[in-house]
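Order of writing sets the chain letters: A, B, C and D. Residues in each chain are counted from 1.
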Amino acid sequence: MESGLGLTIVVFLPLVSAIFIFLIPKKQEMLIKLVTLGSALLTFGVSLIVALQFDFNNAGDLQLGTKVSWISSINSNYEIGIDGISLPLLLLSTFISVLAIIYSFEHLPEPKNAKGMMSLILILETGMNGTFVALDLILFFVFFELVLLPMYFMIGIWGDKTVRSVSGLKNDIETRLYASIKFFVFTLFGSAFMLLGFLGLYFRGNRTFSIPELIELGSSGAFTGTFASLVFAVLFLGFAVKVPMWPLHTWLPDAHTAAPTVGSVLLAAILLKLGSYGFVRIALPILPEQAVAWAPAIAVLSAIGIIYGSLACLAQTDLKRLIAFSSVGHMGFVMLGISSLTSIGINAAMIGMVAHGIITGLLFFVSGSMAHTYHTRDMGRLGGNMKLLPKTGAILAFTAMASLGLPGLAGFWGEFMALLGAYNPLPGLNITIFRSSMVAGAIGTVLTAGYLLWMLQRVNLGEPKEEWLDKELHDADNYELVAWIPLVILTVLIGVFPKLIFGATNDAVIALVSKAFGG
Amino acid sequence: MSIQPLLIAAAALFSIGIYGILVRRNAVMVLLSIELILNSVNINFVAFNAMLSDVFLNGQIFSIFIITIAAAEVGIGLAIVLMLFRNRETANINEFDLMKW
Amino acid sequence: MVNQNFINLLAEGKPEYTDGGVLAEFTWLIVVLPFLAAILITFFGKYLPLQGAELALGTVLFIFSYSAALLYEHATKGIANEFFINVGSIGSYDLEFGWVVDGLSIMMYFVVGTVSSLVFIYATNYMQGEIRYTFFFTSLTLFAGSMLVLVSSPTLLQLLIGWELVGVCSYLLIGHYWEKKENSSAAMKAFITNKIADVGLMIGIIVLALSTKTLRISEILYQSTHDYADIKTVAYLGGVLLFIGAMGKSAQFPLHVWLPDAMAGPTPVSALMHAATMVTAGVYLLGRMFPFYQGMASQALDIVLLFGVITLLGAGLVAVVQDDLKKVLAYSTVSQLGYMVTAMGSGAYTAGLFHLWTHAFFKALLFLGAGSVIHAVHTNNMSEMGGLRKEMPRTFSTFIIGTIALAGLPPLAGFFSKDEILASLNHEGHNLYFIISVLGAFITAFYMTRAVLLTFFGDYRGDGHPHESDKMMTIPLIILSGFAIVAGWANIPGVYTGFTKWVTTRKNYIVEYHPESFDLVAMFSGLTSGLLGIGLAYYVYHMSGNATDGDEKIKIKPIWNLLENKYYLDFFYFKFIIDPVKITFAKFVDSFNSNVLDRFVNGVGTTASKAGGIVYTNLDQGGIDKVLNLSSTGTDTIGSKVKLIQTGKTQQYLMYFLIGVIVISLIILLVL
Amino acid sequence: MFEGSYVIDKFSLILKGLFILVTYLTFLLSVNFVESDEYYQGEYYFLLLSSLLGALVVTSSRDLLTMFIGIELASTPMFLLSGWKKGDQKSNEGSIKFFLLGVLSASLILYGFSLLYGVTGKLVFSDIANILIQQDLAQSPVALLSAILILAGIGFKISIVPFHSWAPDTYEGAPLPVTAYLSVSSKATGFVALIILMSKIFFESGDGLGIILVFISGITMFVGNLSALQQTNPVRLLAYSSIAQAGFILAPIAVANITNNFEDGVYASVTYLIIYAFMNIGAFLVINLLQRNIDSENMYDWGGLAKETPLAGIFAVIFFFSLAGIPPLGGWFAKFVVFRSLLSTGEIFGLSLAIVGAINAVIGLVYYSRISKIIWMDSPKEDVQKTENSIIPSPLKVVGFVSLILTIVSGIFPGIFSNLGEASSIFFNS
């Protein structure tokens, strides 16, 4: 499929459907939902076909893509393709989107408006899928930014309406409004500079935006000196905001807390990955020399992120906020893996991304649902959830276990392998820093276990509080279960048989590392 | 004939015009000041034309255009002032500060 | 998928082992089956007549029979084989699961199978009518399964997986009655303590894996016995780190604190956990990695030895002051684990494992017996028991057998294993440790006798009328007491040393002292101290009056307080580690996040907005006024200036315009 | 034509096309406005067309006189149009300010022209440039002074700091369609004139001019954006926004003046102008549509308005975020080409300006997102009177959809517009 047709469909089908949905009258909600689901399923189906056509024996090569002239005046092309690094993330993205839509069938937050929500999800999906297949910096940038608007509106319109005070601001503000603009401004801040970095590469790199070509140039040492370090700095800024790495993470807890359930699921599961994927796809291979120079800093920031995120979790009373902070910690492991610049570390990051997507996505599903049922996220008021909502509680418990990196479940590989990678980073990197980071990360796993178990104790266990006893609380319904069970199964499958991910990523990562760092 | 006096005269006229624009309160007087400035430019053009002995008389032609346009502008200006005067019953431009902040 | 690797198993030395044939090849069944069963029980258990217990029982009975078959095969022919399944590659590392079938693992399979079967049978009755009966069996099955994952592991990776799975299952089981906060807290404590230790294990695995370029245990052992340089440099570190992991699971001082609290779980759980499935993991790890320790990390063994000795003595002393019957047994377990670790530390591989083997049976017996008692009297406190030997004769007699076995009197199991440990210590010349261990034996005998006297002798001090337990509970007791008697005969110096052969699969690697006959010094001192302990306790708690007064007679206030407070370890942990982390640090980070980072971010926002205000109001809309006002305040104003100041908006704009022109001109002409 | 004083090239044709299209859209925007009150219809359209003619002349003019006439023709009608709401004092006031400053700026331009003429004796740009270079006068104080005067005069039209002060008042006072025209077409006329003058006459005037332009451009972005943050009146907000945008459009020209790489600079500016034109008209349309539904000029009163007119709501999202430069809406490409031309030589002023631009893009987002936030996310204010006016007149719909399509297409297939920009810049290479 040299035409890149499959990938093009995967990317643009959701967008086309979104436009189509605009044309359906608002009243026909069921039709809107069915069209959305249909298109998401179709997209997922096509992405599966793409995965079947993918040649896993040459997972290191970019495949199934195409290159068509797009903006000729700046030599930017519609260049797409996937390799073992992007394939798992692409599948994750199409898959989670389907689940998010299924979940939304019956669980639209106020103000309902299925039309708006569904079209936003679809636009979002185009952005996410596009980012994972784009092989042209400008194309990448456009898709990377495409996710901003839908997410901004998702948070702003369907988000949490509680009014709260924010330090540094005089007036109290609705959580959703604060969070949405914070998310938007933060990300744009990063990406505006990232764009400058892309342009820098363009001008130094024979006026091309093609990522494969730039990688060739980069690995042959075309980008050096102050220029390269500036470019890496701005790329770092752009990607690190998205990951998010400490201390650029502060938009994340607010965004997650305020976002509607589907929003936080997509945000956690896919959007955060755009940043770390950017590091692997763009920053490392194109600027290997700078990657080496920056790696210790990234490792230290990741380690801080891990510890910091975990400690912050221990202080939370808000369930969703806790999970949001846990993302900071988990993405810290991903970045720690990447910073090691070894095939082990980057592989760890890849599986870590997928696992975090599945697990944290599920956590947000469950916690969002609980917030919806209880009308509160305050863990001080919750308790005895296992008794009140046994199914939800069981899945919450399972997911928390997965999230704390329990071996045998998906979350384990990312953590363990990241530590493995960080212990022996690329030769030439400061081993003390990396090993200290690794120890910090290892301590982080304990703290992670601590806050998650504590969360379980406060939320799931114990006798239910009196205020809930006479209330009618609905346990997970079928839509929720259909959305959740696949994630549970995936968590176990990847946990037991990580080849599902490594089978695709390993060759690609080895190719990347050997090309960029010769190791 | 030296060109300096002409240029100085033009510059002086220009400055007077500027002063008038800035200081006069009556809108009509401000319009007149603008005429002064435009005319200073005319003097410039004509003087330069003479100095350069431009056979195409570019400077002269230019100044004729300026005169025409100046007339049109003053006409427009007066129309606007008139409209203001109708609405506000004053031609004092200092009182036009509705949109202060 | 399955490949076999004989290099490290059989290539050297005499090929005196077989590959185990079909039996070995299908050993994965006993590992996978529990997980399948757990899933089935979860989803369909409720609809079955015994609410899922039959599935669990069937599974463990299968494990028992399979492992018995393996053991028979091994004892007669000898099996050593391992199987690998590749589940992914990462870099140049193969991630492999698999199963190993050799003496050590077969011994563990058998222990797990036997003890689990009996505990499960016991539990079907014990847990009757309790809350979440089905889920209990799910977790219990998982627990056994996880332990099998651990002991069947041919790679460090799978070992780690099993290791943590065991931890989680223990969390589920200890917190079985999670309605009460103490129970869920105890579960958390167990999990977190283990997790802390796991960090050590994890890093240890990483260190070893990276220096040997493999995750396969056999390969690592091969390298460590063949003087590979890479592993040699990290051997000490790796050894210590692995031991930290072992300390958590095997409850070595100072990470033992979770184990006594773990008594919050139902008694069958305690029995399983203390005998077969969890606490033995650490010792198993030391055993599995023993060639590595011996080959390269002998300094690490010294540390192992030290902690083992500290644990055996410290925990034994605490056991003396406990009133809770289960806690006596819990501390006793800790102390016995200390023995095993001490044995490993002193290089007595077989002795350590032998003690594990015997201890599994008699400790399971004791716990189940205690459970039977508790079931009857509805309390854990010995001060509310007494005189139960008449009401519960079968429980009493089996409990006595367990006690004697634990106290180390011949010919019961504990005697032989403990003796071997003492002999080994004596042989290696660890005189101080030898003495402490002997002292430990004395203490063991003392507290066990105390417990027996308080529970079964004297008059009944509780409420109601306790009855002997159901057959389903007493039959396992009887079977276990059989094991408690005969298990020690598997390794009698000079008579029959089958056990040594069983567990020394990798014969070429392990160099250890095997007493050809009884070490008389060790035997004599062990035996004497045991008898003395029993005697003294009998005197204090029985002969010289009422059992309950016994404590008063030996109470030396400061020491007693110290022991009752468990050396203030928990206090220390909470005060200096948990609270600071959970409260101080966490609060600090949180407030840092919202008060520093967020404030900064919001500050940037407000600053931008304020800057906007300043630009807009002062520069854009009124700047000229201000500038001119400023410049005119000093000098007395001349007419034109006054007029300028008074200009209205329009002229101000014009002014702006011209000043702009002038400023730009000046800059261009003069500056640039 | 006319001895090189009037040329037809790709640059002029493309921009002529732009002006005509923009004027057409303005007509459509105006239909309802003109009909809604007793305005002089005929004159209104006549004046707009006159202004268009002026703009068309400017694009082709290559001598001082033609350009001057073009500029005057383009701007003089606007003085009248901005005061078209005769009874409205704000409109009057905006008009007089606009007029006075406009005339002043015209005089400054003229004065500058006269100096140029005096130095060289020529009116045609190429001749002037040749003589300046031959006689080594390009960097003489006279040439620079004339450049500054001309810059100030044109700076008024393109409303760059510090010549921008009329813009908010006039925009606020003028009828909305006129404002749209002012902010798009008038501004574009100014930029066209500036581009021609800078690239045809002052390209050898040394770095000083370029540097001052760089500073002006940066300051303009900051002042425009920061002031826009403070606005409550949406039209005023757009006025400051267009000031900030002017900073962006100016940036490539400024840097081109230093690097002398006018090809890149013109390409970027023209592309920006084209894309900016449509999204800005769209933005004004949005204000127009929303104001039909509510009786308040304070946009903070507009809470939840999108639910009344969802179409206007969607327009608001598209156009305002396009102005903010969020992909895949056209604005991103406009900003992108600007950044591209700023960085093309990697020279320090371009780099700094690019960083300033990036920061400003972020600041801009805050207020551009504000209207969408208010109308989509805020709850309706109860004390504000709403007028039921849900049917959108078809001319406005046409404007909306044309701008919408152009804005989105220019974001997704920027090639189309960037080709125009590129084509227009080719002329400057020779």
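As a working rule, a contact is a pair of C-beta atoms (placed from the backbone, for glycine too) under 8 Å apart; a residue touches a chain by one contact, two chains touch by 3 or more.
Computed from a predicted model, the values in this text were never measured in an experiment.
Among the remaining chains, those touching chain B as well as chain C are D.
The chain with its Cα centre farthest from the Cα centre of chain B is C. Centrality by C-alpha centroid: the chain sitting nearest the overall protein C-alpha mean is A. For the pair chain A and chain C, the distance between mean C-alpha positions equals 34 Å.
Annotation: 26 Å between the Cα-based centres of chain B and chain D. Distance from the chain A centre to the chain D centre is 40 Å, each centre being the mean of its Cα atoms.
If you average the CA atoms of chain C and of chain D, the two centres end up 72 Å from each other. Counting partner chains per residue, chain D has residues 96-97, 100, 104, 169, 366 touching two or more of them. Counting partner chains per residue, chain A shows two or more touched chains at residues 185.
Of all residues in chain B, those that touch two or more other chains are 21, 93, 96-97, 99. In summary, the structure contains touching chain pairs A-C, A-D, B-C, B-D, C-D.
Touching chain D in their complex are the following residues of chain C: 605, 608-609, 611-613, 615-617, 619-620, 649-650, 652-654, 656-661, 663-665, 667-669, 672. Across the interface of their complex, chain B is touched by residues 617, 621, 640, 643-644, 646-651, 654-655, 658 of chain C. Of all residues in chain D, only 64-65, 68-69, 72, 76, 79-80, 83, 86-87, 89-90, 92-97, 99-100, 103-104, 106-107, 110-111, 113-115, 117-118, 121-123, 168-169, 172-173 touch chain B in the complex they form. Interface of chain C with chain A (complex): residues 86-93, 95, 160-165, 168, 171, 175, 178-181, 184-185, 188, 191-192, 195-196, 198-199, 202-203, 206-207, 209-210, 581-582, 585-591, 593-595, 597-603, 605-606. Contact residues of chain D toward chain C in the complex are 96-97, 100-101, 104-105, 108, 141, 144-145, 148-149, 151-152, 155-156, 161-163, 165-166, 169, 206-209, 211-212, 216, 222-223, 225-230, 363, 366.
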